[in-house]
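Labels run A, B and C following the written order; every chain starts at residue 1.
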Amino acid sequence: MDFGPFLLLALMEGMVMAAVLALTAVGLSLVFGVMRVVNVAHGEFFMLGAVIAWFVTHFMPGPPAVAFAAALVICPLLVGGIAALSDTLILKRLNYDPEATIVATIGLSYIFQQTALTFYGPDARPVLAPFDLRIQLPWFGYSGYKIAVVFAALAILLAVWLLMTRTRAGLIMRATQLDRNTARAFGINVDRVYAAVFALGAGLAAVAAVLIVPIQQAHYLMGHDPLLLSFIVVIIGGLGSLRGTLVAALVIGLSDGVISVFFSPTLAKILATLLVAMVLVFRPQGLFGTKP
Amino acid sequence: MTRALALHLAVLAALFAAQFLLPSYHHTNIARIMVLAVFAMGYNIAFGYTGLLSLGHALFFAAGMYATGLGIELWGLSAAPALVLGLLAGAAIAAATGVLALRTGGVSFMIVTLMFAQAGYLTILYFGAYTRGDEGIVITRAARSIGSLDLSSDTPRYFAALALFSVGLLLNLALTRSNLGRAMIAMRENEERSRMLGYNPFKIKLTALLISGLYAGAAGAAYAVLFGYVGASFATIQYSILPLLYVLLGGAGTTLGPFLGALLMFYLIDISSGYTTAHLFVVGAALLILVLFAPKGILGWVRDRGAKWLP
Amino acid sequence: MAAMILSAPLLSARGLTKHYDGIKAVETVDFDLTAGQVHALIGPNGAGKTTFVSLLSGRITPSAGTIQFDGADITRLPAHSRVARGIAYTFQITSIYANLPVFDNVALAIQRQGSTNLRAKTMAALARVGLDGRADQNAGTLAYGHQRLLEIAMGLSMAPKLLILDEPTQGLANAEIDAFNTLIREVTPQTTVLLIEHNMDVVMDLADQITVLSFGETLATGTPAEIRSNPAVQAAYLGG
């Protein structure tokens, strides 16, 4: 294959990566932005979404498309429910103390991993794509499902953006983000907002995972990479800034796709993690954020 | 204050006696626990005393371990200089990390240390030609002796671990009673006040991190020589969480807490594995229970209930 | 006034300015402190007093202007280096190590000058404010008045050339205020004292010089008598 088509393929793979990453990272960013909670268990919510998707598609009768659609609804609801429960039972009791919540979410992530290992097992298992369509380009064929993933992610991100900017729920979340105490004084039930935001963040990770399982198999340790990459995206985009998160997801997703094609993926990851550390040290507002 | 010294000496004496009293099954376990306790003591100096919650201490442990392991395997060093190299590597990497990471605070400090440790882990994998990546390096028995002392056999290994642990523990005790120790605790309690008493926060924290790295490096180096294995799994995030868990369980900011935490956690997993394979659950649940119900750990709890002299 | 011009000031600020997002907290203030005196800084709430002393102590950096202390330019020095040069600052809102024993609170201030006889020196410093009987108690469990005294003891224990006290008598009972006045008279003239104070009795009792700040600018400087009779001050502050 010539260089041009090769680059095009790398870019297309990067787009799929960026789309899923954007969903996951926006979830993490939302939780950090509104609640100031660094959720180390976010990768595990992603993993739970994938594993539950396997269960749903495996036991749901009917054509794969219906089963997949069911997973797309059930997984985020279930994972969101688990997240809301974790928030109410644990994080709330810690008064959202930053250090205690990090330790607690580390504990949660171990528990979720164990749960998946016990009930799902150590194997990686595939989930059937809802449809099988191959788009033939002049140079290579490409999975129609992967392209659908990009558009699905875009649609969901648009929905999140509309939710945050155009609805009453979004207004309440933004008010809580600005000042928790004032929000409470205005009669907003902050506890419920927090549980809802934590559920929404986890639900986004779960949706991202459902979209990715037909491409990448479900496994109980699969939450590691999405967590790390989401961290990278959220930090480079500027902690808590949704727009920065989207831009960074695009940049990181695309460059990861392209760099991994031309260089060792391990080297790419080393550089990315060091970049994140340096951004936090020297430009804490993020590469795309403005100074507060 | 002599009460404290007596208690520490009693603990060391008990560990000395344990070698003769306990069945041999426990010797390797306790040797391992003592080495991991040194790692946790180092973690406690940064987290418990100075208030620096790092999520990257696996990097310092691995630095000690790999400097020693590679020193033996690649450069043909004998065990003694390789151990010294490991100890220094831990301190040097900790200081380098600190120079950058200490420009941040709180949550950012945690993430920066996490990222550096992750980069370190990936670097070990990247140079798999030398480090043999996930598979790791097995250090030959011949390379694991100091003079005529074969550290790969049970009894010398136990006493070598005890010697390291004793030095670490007594230095830790001395540190808590020193002016530096007081300044470190002051930094944890009220950084702004300390600054206005003339303490340079950066300098105090960097010193604490350096000492912490020295302990972690020594533990990593000792682990390599005593147990003969150097592997990338010791550089993963799990090994950054482990000392945090030990310290939280035993009591942050207490000299004996790290050992107590390591001992209890090790045997909790050991005993529970008789009934369940759910190790991850045990670790996760322990973290949650501690942070929810006993944030000061066992010895912190004891100290709050009358034993104020506990260092 | 003549004496002030003749002896070189311990500290002098020129054109000291601090703006926050266009809001002028402190605006081109010139200020001189004579060694050995008690200098009071007064002014209505929001006049910029705390901001001004924070600039002197290095807790915040100025937008413009220079600060000379003891013959050297300290404008760019970080706070802890200024402390090392002899500027001690006590906080308006009590800032002690609440979870540490009273002893450690003061020992931390003393050990910076060397650790010989740390125990004896610390106990002596505590005795000076009458807290030696409570050395082993955690500082957070002290009564409020005792916490203020501990804060002052920490300031004095640094053996500073200049002691900056931000509203030290706030919330103290009358008897405690008398003890405070006695204490300050004891430490001068070896120590120069800069005092932010709302209690006019304390100011008139202790101060050799008074500077009145209003809206971040100097309204007047002079002896207590001069300030009392200054019509601008009366209009802006005392009369109101």
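FYI, a residue touches a chain if its C-beta (ideal position, glycine included) is under 8 Å from a C-beta of that chain, and two chains touch if they have at least 3 such contacts.
Predicted, not measured: the structure shown is a model, and the values here were computed from it.
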Please find which chain has its CA centre nearest to the centre of all protein CA atoms in view. B
Report back the single chain whose CA centre is most distant from the CA centre of subunit A. C
Go ahead and note the Å separation of the Cα centroids belonging to subunit B and subunit C. 44
Please tell me the distance, in whole Å, between the geometric centres of subunit A and subunit C computed from their C-alpha atoms. 52
Taking the mean of the CA coordinates per chain, how far is subunit A from subunit B in Å? 33
So, in the complex, the side of subunit C touching subunit B is made of residues 57, 59, 78-81, 83-84, 88-89, 91, 95-100, 104, 107-109, 111-112, 115, 118, 154, 158
In the complex, subunit B touches subunit C at residues 179, 182-183, 185-186, 189-190, 192-201
For the complex, give me every residue of subunit B touching subunit A. 53, 55, 100-101, 103-104, 106-108, 110-112, 115-116, 118-119, 122-123, 125-126, 241, 244, 248, 278-281, 283-288, 290-292, 295
List the residues on subunit A that touch subunit B in their complex, please. 38, 90, 93-94, 98-100, 102-104, 106-111, 113-115, 117-118, 228, 231, 235, 264, 266-267, 269-270, 273-274, 276-278, 280-282, 284
